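Worksheet: one structure, shown below.
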Amino acid sequence: MELFLIFTIVGSPLIAFLMIALLPHRLKRIAPLLSISFIFLSFLSSLLFFLKHPQIQETPFEVQWTWLQANRNLSFNVGFLMDRLNLLMLFVVSLVSFFVQVFSVAYMADEGRGQSRYFAFLSLFSFAMINLVASNNLLQTFIFWELVGLASYLLIGFWYQKPSATEASRKAFVVTRLGDLGFYLAVALLTLHLGNLNFSALNSPEAIQSLSGGMITLVTLLIFTGVMGKSAQFPLHIWLPDAMEGPTPVSALIHSATMVAAGVFLTARNYALFSASSISMETILIFGTLTAFVGATLATIQNDIKKILAYSTISQLGMMMMALGAGSFEAGMFHLTTHAFFKSLLFLASGALIHHFHTNDIWEMAQKGSRSQVLTLLVIAVGGLSLAGIFPFAGFWSKDLILEALEHKPVFHAAALLVSFFTSYYVFRLLFILYFRSETPHAHEEHHESSLLTFCMNFPLISLAVGSLIVGFMGTDLMHHKLLKFISPEAEGKLSIELMMTGTGIAVLGLAVAYWNYLKRKIQPPITATGFRRVLEKKYFMDDLFEKVFGRMVLAFSAFLNWFDKQMVNGKMVNGTAWSTLRLGALLTKVQSGELQDYLMIVFVIASAVIYFLVK
Amino acid sequence: MTSSLFLPEIFMMIIATVFFLFIFLKEETVKKYLYPCSLILGAITMIASFFSLSQKGLIFFNTYEINAFSQSFKLILAASLFLIVTISDRTPSLNAEVKPEFFLFLSTATLAMMMLTSAAELITLFIALELASTSQYILVPLRRGKLLNAESGIKYLLFGAAASALTLYGLSFIFGTAQTTFIRDIATRLPDLLHQPIFGVGFFLTSVGFLFKLAAFPFHFWAPDVYEGAATQVTAFIATTSKAAAVAVLIKLIYLLSPSSDTFTSVLVLLSLLSMSLGNLAAMIQKDMKRMLAYSSIAQAGYLLAGLLSQSPEGYAAVVFYIISYLIMNFSAFMVLARIAESDDNPQIKNFTGLADRSPLLALTLLISLLSLAGIPPLAGFTGKWFLFSAAMAKGHWLVVLIGVINSVISLYYYLMVIKEAYLGKVEGNANTLVVDIKTRLISYAAIISLVIMGVFPTPLIHWIEGMVRF
Amino acid sequence: MTLQNLIFIILSVTTLAAAVMAVSFKKVIYNAFSLMLCLGGIAGIFFLLSSEFLAVMEIIVYVGAIAIAIIFAIMFSPPHFMHQPERNWPKTVRSIAISAFFFATLYKVLTTTPWGMSTTQEADFSIQHLGKILLGIYTLPFEVISIILFIAILGALLMARKREAHE
Amino acid sequence: MSESLIAYLLLSGTLAAIGVYGFLERRNLIGILISIELILNAASINFLAFNKFVSPDKGLGQAIVLLIIGLAAAEATLALSIILVLYRGMTSINIEEANHLKG
């Protein structure tokens, strides 16, 4: 029975994918139905599994078979592990997938024939992600890690005619592969040194003892490069904002809630191994902090709603990493869970706006009368308040847990507070612009969407909004730390009142600055990129010292970071690698000149050289 | 009875004769019967090879050795010929009047390759190689139309002639030092011979002819030009069957005669590294699909060499496993290519646009075969590479494994370009649906399933192979 | 210096000189005639190596068939009074360097190897013995050669037929 | 000298090197074919020299050379016919003009 359930969990999206892929043309229309019902089946099965094994916390369930038997005592296994960590992830992945797919029915309604392709890819992605989560060993995880990357690549480039989409998918691919190279090496090293890649074996005290300290550091850092690629940690974060070229539901599912969280999950999965190396933990903490900071500051000056959310995702991923690096496993995973809900909610809501206004620009949305979209704005507010960490929304609880974890590291604690400030600033900036700066719509143009489509759009929004409200409470005293205990039985999760006050205070500070800038002073939308400078030079900036210190610094510093990001990290470091590889390829084909005798010269020279070498 | 030992070859010869007789028939008759006839004959040879799997013996005055290794390879060769025949019903770039000749030369080439796997004597080996080459020299310029056919034909022939001249020169050195041409006799004298560098030189020069067939660096230059210039079916034959035969011979030669000196191994290491890096890098900028597959096959030759250079039973088994999976994945890529090819028979990568809309099955076949070529788990290509690299790693060839892994990463780039075209591209105007006949459907399903099964449950196959790679 | 040595030297010099001419004259027809001379010299070398039968075969097959076929082909190809391309000196120098490198390595290999000598006394160079070998251990290659010749001729015919079909 | 193996081997080596030179330098396809014949003949000389001085069986090398001569004939026939096809196509038998397939 357990086995059957596990197979249903991991297999149903694959069945959906294959069925859609092989559907004859006439039946392509039922693709969304197939996709949605199978992912729901997957969710139900994991729920059922949990209900049958409420004690899963104490006794994880594991099955495995031998896959590759090599000569020595080295073999690779295929298997599934069910413990509290995966079950949590399984709930998150399948539930968010389900909502996103329902939403997609409405969002992609105009796509025509492409729709079945879209749902096939979504199913493929869900399959890969669920298997990544359910794997019981590192190699299998790696395999699905790659498959997840492939699905993401296909979905980012879904709107193929747009050159920017193609470019973005290529970039996402190249950058994440760059990180995966490290992961691959880590797998190879661990295979060689341990021979058993099961997570239970990897994280056992014996394995950690058998490896030298340097080896643990090396391996964990190599795994972390993979994590950096997938979870968009600085400086490999650059693919994520570009990945917003994909359809918005895709961004909601992959680039905010699930795939990018895979890196955090992988770190959590091998937490014992990571904890064994203090250098690795420090590295994670430092990179997490950098990422959180860079992401949050960059989010403050974007005008594209998806870009705001993308940078915000980067920053939140950095926060999760900070929690992990600081040694608080449960805080990181708790934040991952709450983040999955409110961020997918935000993305879907922004998708609804984009769908309605046909633009990504928040200023344009405001011009076209975003105020009229009451429901959408309401859920954005729920998600945004949660993201900003305002009591009593989900993000509040998880963020405070992170702050608590950082309590004994003053520098990082300060950095986290700074990040909270920026977060709150850009959230309120978004809300203020969309609601208070909105013009009243001139005419009430009727949208003749069918009621089914309206339902498909609203149902996920409302469900996720409710989720964002209640999930937070599951980690609190009120609910006896249910979620936290679920993540880790030892979790304490006591929140000190001072910390809660600082967190809220910082958030309110962000609100205040946003209020000053966008409601009081009414900063105008920048006309062009250079127009931005003009904003900075406006006289009324000087009116208030408070603003001079914060408002201007925030904007200028963010602008500088944005420039640095675009020019240096993005241009030279990463694209340079891809570019030079391609150039090398072009150079090599120069040898293939089409002249037979040029070929033969090389042949004879090399043959003679080999002979010379052999006789020497 | 000795003739039963020669069964698969006899069937090949009968087939060749039948196709020869077809030349003299009227064109309508040929049109009607040739293709069904070739399918039946191909299937029969496959069955004959299957039933002679367990035979053992020496014929032709001990120059011809029948054993599990040779018989298994004959089955592989017969199967791959059968596959090539199945996609030869619609040949846009071959004139109808040369179809019988096309099949005739295919079958003589396969006959020669079967002989290659059994030859226990170097001259027999060489002559069989020449028969295989000669048949392929004719197949390449058979293509009609542009001048490219003659150009690729002459390039292939002259390059091949240079390679076989070097082989012959090497053979003369082996003959001069070992004083015999029987492989087993040489093997018994190996301890004496290994002192003499001239034997190593002779061995290397001899292997040039087979490295040429394998398209390994630096004997690969013909491959892109010939792949592009020849008809798709011929290209598929050269890319799959011919390589399998070359691999069989190289395994045999290295297994029995390998001067397992460090210098020889380092030569192989160098060739392997250069093959895979050059192939993958050059493939990235190709527009023509056949040319891209040519470079990709050069890279695959590099991976195969990585298994050969380990010079261990695991390595040889890995090479055989890989060549079987390579045959399947490369063949299915070519099958899709042949279905796509319309009038000019040289599909560009952009011709794959919207394949998923035109024919979901073909697109899926292409996806699986290309991902397998790139070595994405859990497909056969990955498992094969895993065996290859773990054999190389066991002998401490870290560099090869590292570069191999980096190369797999690079290769994914250009395979994905095609997949992206197929799955994300939209056909402009009205997308004409590709009609996929039942035979293609069956082969597609079989290819997909076997690639997945070989990837997920490789153990039975690898056990069978380990039993067969023994002399 | 024995007569045999003298003959060897004369034959070698003739062969090599003819070979050089066969690859260096700009007019192909001269190359072909030089090739015939060179092959004749090689036949003489075969004779010195006690293989009279092969010397005869060399003359009959090579000089009589292959070289003649080449000359026929030259007759079909552009007339030799047509414009001859100028010598490409960089390419010539490159080729000389490579072939010199090739020869140097061969020289090194050949001169450093201690060649074992045959110990058998009764040296049977006879045609009868050759025949026994051809129909003995070389039965299969001998048969395969016939297939090769057959398909080569068929292929050549096919090319010719194809050409007609095109025009 | 005529009784020393090395003299024959060096003769054959020189012949092969001349063949290699012609192979790399000649632009005329027939010239290239001639060069191939030179290399094949060099190998034949090798075989016969080894046959005479090294091999215990004096028929082996001769048989091999006989087979090589047969092969050379087949190869030449085929090469010439393809050359003629090429000539019909581009009214030239210059190998450097057969360079459309590249990259």
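Lettered A, B, C and D in written order, each chain numbered from 1.
The rule is simple: a contact is a pair of C-beta atoms (placed from the backbone, for glycine too) under 8 Å apart; a residue touches a chain by one contact, two chains touch by 3 or more.
Please read these numbers as outputs of a predicted model, since none were measured by experiment.
*Asks:* Specify the chain with the shortest distance from its C-alpha centroid to the centroid of every protein C-alpha atom present.
*Replies:* B
*Asks:* Report, in whole Å, the distance between the mean C-alpha point of chain A and the mean C-alpha point of chain C.
*Replies:* Computed from C-alpha means, the inter-chain centre distance equals 70 Å.
*Asks:* Could you please state the distance in Å, as a whole number, between where the Cα atoms of chain A are centred and where those of chain D are centred?
*Replies:* Once rounded, the distance between the two centres reads 65 Å.
*Asks:* How many Å are there between the centre of chain B and the centre of chain C, using C-alpha atoms for each centre?
*Replies:* 32
*Asks:* Take the average of all CA coordinates in chain A, do the same for chain B, and state the distance between these two points in whole angstrom.
*Replies:* Inter-chain centre distance comes to 43 Å.
*Asks:* If a residue has to touch 2 or more other chains to count, which residues of chain C qualify?
*Replies:* Residues 91, 94-95, 98-99, 102, 106, 109-110, 112, 115-116, 118, 138, 141, 145, 148, 152, 155, 159, 162 of chain C touch two or more partner chains.
*Asks:* What are the residue numbers in chain A that touch two or more other chains?
*Replies:* 589, 592, 594, 596-597, 600-601, 604, 607, 611, 615, in rising order.
*Asks:* Mind pulling the chain B residues that touch 2 or more other chains?
*Replies:* As it turns out, chain B has residues touching two or more other chains at 123, 127, 130, 134, 137-138, 141, 154-155, 158, 162, 176, 179, 197-198, 201, 224-225, 286.
*Asks:* Which label fits the chain touch graph of this model best, line, ring, star, complete or other?
*Replies:* Contact map by chain: complete.
*Asks:* Looking at the complex, which residues from chain B come into contact with chain D?
*Replies:* Spelled out, the residues of chain B in touch with chain D are 123, 127, 130, 134, 137-138, 141, 147-148, 150-155, 157-158, 161-162, 165, 168-169, 171-173, 175-176, 179, 181, 224-225, 228-229, 286, 291.
*Asks:* Once bound in the complex, which stretches of chain C touch chain B?
*Replies:* Checking each residue of chain C against chain B gives 109-110, 112-116, 118, 136-141, 144-145, 147-148, 151-152, 154-155, 158-159, 162, 165-166.
*Asks:* Hey, which residues of chain B end up touching chain C in the complex?
*Replies:* 60-64, 95, 97-98, 101, 104-105, 108, 112, 115, 121, 123-124, 126-128, 130-131, 134-135, 137-138, 141-142, 144, 176-177, 179, 196-198, 201
*Asks:* Help me check something: in the complex, which residues belonging to chain C touch chain A?
*Replies:* Per the touch definition, chain C meets chain A at residues 91, 94-95, 98-99, 101-102, 105-106, 108-109, 112.
*Asks:* Quick check on the complex: what are the chain C residues that touch chain D?
*Replies:* 2, 4-5, 7-9, 12, 15-16, 19-20, 22-24, 28, 31-32, 35, 38-39, 42, 45-46, 48-51, 53-54, 57-58, 61-62, 65-66, 69-70, 72-74, 76-78, 85, 88, 91-92, 94-96, 98-100, 102-103, 106-107, 110-111, 115-120, 123-125, 129-130, 132-134, 138, 141-142, 145, 148-149, 152-153, 155-156, 159-160, 162-163
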